[in-house]
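Two complexes come next, and they have one chain in common, chain A, joined by chain B in the first and chain C in the second.
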Partner chain A sequence: MTSNRIVGASVPRKEGRDKVTGRAQYIDDMTLPNMLYGATVRSRVPRGKIKKITFGSGIAWNEFVIVSAKDIPGKNCIVLIVDDQPCLADGIVNHPEEPILLLAHPDRHALPKAVDTISIEYEPLPAVFTIEESEEHREIIWGKDNTFKTYLVEKGDIDGVWEKADYIVEGEYRTGAQEQLYIENNGMIATYDPERGVTVWGSLQCPYYIHKALMTLCNLPADKVRVVQMETGGAFGGKEEYPSMIAGHAALLAIKSGRPVKIIYDRMEDMAATTKRHPSRTRHRTAVTKGGKILGGEIEFAVDGGAYTTLSPVVLSRGTIHAGGPYYWPNVRIRAKAMATNAPPHGAFRGFGAPQSLFAMERHMERIAQVVGLSPIEIRRRNFLQPGQTTTTEQTIREAIDLEKLLDRALELSNYHAKKQRFSKDNRMGTSKKGIGVAAFLHGAGFTGSGERNLSSVVDVEACADGSVRVLVSSTEFGQGTKTVLCQIVAETLGLEYDDVTIAQADTGEVPNSGPTVASRTVMVVGKLVQSAALGIKQTLTTSGALERSYSPAEFRTACQNYVAAHGTFRSSARFEAPSDVFWDDEKYRGEAYAAFAWAVYVAEVTVDLSTYSVSVNDLVALQEVGKVLHPVLARGQIVGGIAQGIGYTLYEKVIWQNGRMQNSQMTNYIMPTSADLPPIRVFFEEMGNIHGAFGAKGIGELPMDGPAPSIINAVEDALQVRFDAIPLLPEDIFEKLATESISKSGPHSAGGVQSQ
Partner chain B sequence: MRSDPADYELVAPANLQEIVALLAEEPGTWLPIAGGTDVMVQYAAGKLSARKLVSIWNLPELRHIEVLADEVRIGAGCTYTDLRENETVGREFPLLVSAASWTGGIANQNRGTLGGNVVNASPAADSLPALLAYEAELILVSIRGERRVPYLDFHTDYKKTKLASDELIRDICLSRRFSEYFSYTRKVGARQAQAISKVCVAALGRLDGGKVKDVRIAVGSVAPVPLRLLETERIVQGKAIEPSLLLLAKKIAVAEIRPIDDIRSTMRYRSTVVGNLVAEFLEKLRANEPAI
Partner chain C sequence: MTTNISSGGRAKCELSFTVNGERRTVRVHPMERLLDVLRQELALTGAKEGCAEGECGSCSVLMDGALVNSCLVPILQAKSANIVTIEGLAAGAQLNCLQEAFLDFGGAQCGICTPGMILAASHLLQRNPQPTIGDIREGLSGNLCRCTGYVQIFDAVAKAVQFKART
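Right after this comes the complex of A and B.
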């Protein structure tokens, strides 16, 4: 238990002062002597063979360093899960914006012109742009069948449920791509010398992913590759895998030129070339009783992975496991697949597959409610997972979560029932309609299944010569509060002041591999390891007699100083060990998918203006159970920020594709909401604790991304009595749907997709 | 920045006289740049074809608001912030002040100028429908002298104007006779702020004995140029505002515009929304509801 003195208190951010005073060093603030600037020549076609590359006239090409695939010292791939993505296209391109050549020059202004004069002739090959085109197999663009990965989850006897059903409810739901839109664009600097090998500094999430990718690409041993994270201006998953590509490019130019090379993407290049959230399609077919109980269902979840595997298998995995939502499915079959298309690979983005499949689930619950004739509230109440029951992967819910209670509190906080009644009365008149919608969901924290066991993360905590304590992890700070919260955990564990604890820069030359900073795992998993490493320090000091059992922070400092003076560097390590009772079967996709789930109910209130068909969100109540809030301001910030991003995902942010290429790669035409578009976001926490997390914490970084889309679209349906099953939902979509519905006059809910038995 | 500064020349003469002399010397060669909120966007994207720029930013001759007995003369170099802060403009030209408040963010409003907005001639520019509704006139200057032209037909085609290659806009003149009119304006953008319009409407109206005495309706983003809906105005003139007139006005308005499908919206959506907003204007005029 905590004192709420440090853990549970909103202490100042470790890097906050440097950020607000402008002292924080981002990658573009860094300059090295003799440095060159690098640029990337990219494909303009979705798929084709490279026939000829012509360097245009009017450019002093002898001043440029030029790198192509044949300059790569190691293997031409960006190592991640499957080694299918080249670092530089060699003979064939599989998506627009695929890197083909690299240029470097001392004057950064000389680069765009040089890139523009290079013309590449292709022999075009037929390309595939949608999940449907990909699964038709008319054109095979990847592997044997355009499929990066499939999963099959089976529980109970799904084939036996259909005849017992009173209703069978079907639906299809779609979600679009979304750009992460971190404030700081991607960027890297690389140096090379034969002695020390390659060093890169950059804006990034996962130093050891890059470390591994550079070893293979540059054919260097581990000790000849060093990756250092600079202050990073936002990431949201967008700096999980693509920085390995940019680091590779900078390293190749540095190796060839023998000089430091800086590559900074501008916003247009960053948006067009780097990863986005996977577009998805989910199909539900659900057997339900008259009483509204789910007997079982089939769920088919498909994501568009783009041209190479990258992280699609794991995104698909999380989406698959979350596809059943926070409900009890006695019988279920989930088939999931990640399909190849000729677009830049889609990648990690806050939520990682779960916002997609949960949108489908929570829209489908509305449809089930309508078919059965129950309220959206009652249908959820009757199907919520209860402690002791199992999830779709047959993970037993062991904690005492009471989802009905959570729902009731959210309804009360949002004044749901009174509003619902008032809106349905007021909506009879006027050109603006109001609606209110609910979404219930869960989000698993940490890596899926055996993921944490395989990662086997390590952290160090060091007692320093000056008596302070330092945390050494590869977990990165990119605005979410990693540095602050890990230091809080150590200070609380050791009974020190917050200022007594510092954290090392994420530099693979110095810090151990505590795993990637993803999957809402940092506070829960890495935090727990840091706590245990800190205890190791205390134990050594007390057993050696340097420290009494009960001590003041000052006595602790003295003990550290004495111990380091006597014995030299003093570090305590902790390595992840999976609890022995946790079972996961990768083959059958069955077992304990996550060490902990966070639970939530969101309620959205909207107004639809029928003059302009635009939706504004007027209120959003976000209630979540997160184990324990370690830092109230940061935790609230995560929820508010995630909801803002979720509102963008739902109503504003649309990637306009043409032949696999993003057409609106500027902030003026890729529309993210501003503060003027956001409602009051009312954040509430429940805290039940969690034995797997530091001081009871669960992961919360991704959770708030899951709730806005379904709660808002459910509210839009409540306002208009018209169904919308795809996001982003733009005013043009609402206009077209209303125009069609008013022509067909088939009633607010046509029977399409519903069979009564 | 995708452009190389070495490829560009920028001069900043001290006064208007020297600037118009330079424009006359090499007509069509020098691109005037005021706040740069349009020009620098093209520069950053590597798409600025003009290589010679002449700064007209913050020239005293262009940056003043003069209140005369029957009109207000706004210097072409006045920024949106200047407009928002001017008391007379605020009181008598609410359509223009609203448009100024919608344009970009604070930084854009501190740099962007009304004259620049006119000359850039984007059909999506927010302040142009307001100028049409107020029946603005422009004073154009060159080394040859000055001339005064109505703004109504200043835009001849997409991004084309009647400005000669040696001319600059000096003043935008707004008649003060509309101060008692009912004002209605609405911008439909993809978000509440910092958005380029999908549809923009600025309208003025006056009733007499329950009938329409006089209206001005202007729209942006729905044709190659900002447009006055003259036919719609004519149809409603002298009539009582009732449901049948709203339907008719919608129909005529939609027939007057020429919207397109583009990256921001669709033709169908824009057409319907223009109709809806024209109807909304007339209904609010009838009810005399404050609309701004």
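Right after this comes the complex of A and C.
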């Protein structure tokens, strides 16, 4: 197909009309007859043994349905990777906000008081709150050594590089937790009857994760569990794993009461109890030549996983693979570990480990540049990955990617050189300092390594009686445009109108398991499957003689109607098959980590006001190569939205922890950017051609989360000539650092961590 | 929970107001939030609860022409008021120009902030039919959106202004 009609056009969002008219049905908009409301009684301590539970007086307890761990029909765990997380704590708690009991009542106003009157006595156990405390092993809170997972990536001969180095550059970088802060809080409704089993409707990303978790928890066969996604008001990874917990709770209450049960979290509960982005620490030690070439390096990447395994091994994996950035490392050793602490488990959030390790990499590049005496631009130029070279996992870059060209274009679009010069002159005077910073990065699309092969996703496309075609996938829509783009792909593939293609609600009773909606995989992986399933429909129609080889959309509709009238509706399936030449070794963590990478260069311009110590971003140029852009409006929306979250991550959003509990779990004290806080965000796409996804598309959703933090902090360093190696960076952090710097008088060039040989 | 106002067992009162041009009468506790009355008594679920503390604006409705956070309005205050919710904006199947523009220019992603955002934009255009981008940024800054980064919402509002000027 040479010119596309529908792919590449900004068609209206499939569910857009319902959204702009207020008709879209989210979980809290749904009510069932005879429904109860559920609430969760949670741990107030980070770690301890439950000694006694007292139900307070003044409450008509006989009106309540009460569920404890004893009521669980199956296994008391939320199945995911390792089955260590209980659905309800049984005798011991390992983090604040851990669920202990469930209550349900017909009047939702009766619940808060009842929850408050339940008092739980604990025998406290010593708790661990940081990566450092966890690795000290003074207190073992998980497994043998507090370690959920480790990875070791080795390439070349790292031990041999140090003596050849002209410089050895060291640095340590940290990132904080971040709340996803979807505007729709989590929620579920469950029903149970012995005939049909458990059905749950909810706000969620991964219907089949929940399906599997409920089978184990409720001890039910696959056909007695049904999970239906309602319209979902934002997710960003935050509704990947925790919804299994809430679905489990609603299901347990429904089983015990025999009535429908609705659980809707309020903002405080959602922020305090559900997952956040993993806090991280990255250490770099890099051997560099006088000319600024990286000879090799050691990278140590550690994340704080919270109290249970959940998704930490996978987040760690992505962070590990991205730790080397878009650079060529002839020799490298990456050691990564996910550590246990007594905080609620940290989890999936757009970027999934990569924003953390890429922040470190891109800050470290600045440090290398300073040590070698090159500009931030030149140091990157000299180390960019080239086609034919290999990544840290020894994946050969086969795409014709040209990172220097990408960098040059970004510099031009942002007027980098002129601004850089002007700022350094202007900054000599006044209390407001300007700076400009660059970040170059990559983001792998799809599951890591053998992930896609293990998932073995299936999709269906159905020919309907009215002559239209329907897509059936478990991929969910939560704002990104899943429904729209998959329908575009099918319409384009079959030569139909966009309106001739519809998509089924993500309901495990009806759609096959096309895998979770995560990892920027939907368009690239599921899109490609949907394309081949659609071709199956065409083939059936043409081989039966119902349809000519070349046809109009109207002729297709008629052929489809006639065929279905004669033979009934039919479906065409496609299942993922890994290309045979893709090699991945899970043991050595080596090989083709991702089917494709998206590439980007972002340039941020900031002003730091030295009277308020606040940073404002004045301009952000975001240039990326994401393969073919299937829907320009949606693609731009993904990039801008991700950047806004990235700016929040960098400059606004600080989770304040006390004994493992988030203290600022409200929108009034956890601050996300408003429309008045954001700079002009200028988005540009470069198409360099990639053959992986449907119509050449690669993943796009997570990429924009990686760039803002390093480009902004690099710009802040440019403005102040003072180094900042941790985010979030709030005015008080700048104040404190400047106060200490002015005492020690050490600028970035003289700071420690550098050895000359 | 989102509110410490309990309706359990307390006296209810009857009061009337106009919603989307229709006169409605409800029997509820006088401190019940307007948001709950709209959503639960009147089945108008377009207004959403994002925070229950006046921060996010996803519960925005128009009350006597003013933009209010319905999570902060006790129903007693809405007595005899004229209320417009997102459900009252389209004329039948015909979308209002803001709705049309949000649909075409990417103003709605997950859609949860959209009803409040469109009402806030409509309120802005009532006061200021020719807003600059700066006016739009300011005018919508009481409504949080986590998906869009706002840029395409500004685009949509600006397009709606142009669209209105043409018709």
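Operating definition for what follows: the second predicted complex is superposed on the first by the 751 of 757 C-alpha atoms of A that agree within 3 Å, B and C clash if a C-alpha of one lies under 4 Å from a C-alpha of the other, contacts with A are read in each partner's own complex, and residues count from 1 in each chain.
The criterion applied here is as follows: a contact is a pair of C-beta atoms (placed from the backbone, for glycine too) under 8 Å apart; a residue touches a chain by one contact, two chains touch by 3 or more.
Since this is a predicted model, take the numbers as computed values, not measurements.
Contacts of A:611 after superposition on the shared chain: chain B is touched, whereas chain C is not.
Touch criterion met: A:645 reaches chain C, while chain B stays clear of it.
When both complexes are overlaid on chain A, the residue A:166 reaches neither chain B nor chain C. In the superposed model, A:22 makes contact with chain C only, not with chain B. In the superposed pair of complexes, A:232 makes contact with chain C only, with no contact to chain B.
Legend: residue contacts after superposition of the two complexes on their common chain; A:83 is shown touching neither chain B nor chain C. Touched residues of chain A, counted separately for chain B and chain C, are more numerous for C.
By the touch criterion stated above, A:402 is placed in contact with neither chain B nor chain C. Look at A:732: by the touch rule set out above, it reaches chain B but stays clear of chain C. Applying the stated contact rule after C-alpha superposition, one finds that A:266 touches each of chain B and chain C. Taken together, the two complexes place residues 109-110, 112-113, 266, 668, 672, 674, 676 of chain A in contact with chain B and also with chain C.
Residues 10, 12-13, 15-26, 28-29, 39, 107-113, 180-185, 231-236, 266-267, 478-481, 633-634, 636-637, 640-645, 666-668, 672, 674-676, 678, 680-681 of chain A are the ones that touch chain C when the two sit in their complex. Considering their complex, residues 1-6, 41, 45-46, 188, 190-196, 199, 263-266, 268-269, 272-273, 276-277, 280 of chain B touch chain A.
Of all the residues in chain C, the ones that touch chain A in their complex are 1-8, 39, 44-53, 55-56, 58, 85-87, 89-90, 95, 99-100, 102-115, 118, 136-138, 140-154. Here chain A touches chain B in the complex through residues 109-110, 112-113, 116, 266, 268, 431, 610-614, 616, 652, 656, 663-664, 668-669, 671-674, 676-677, 730-732, 735-736, 739, going by the rule given at the top.
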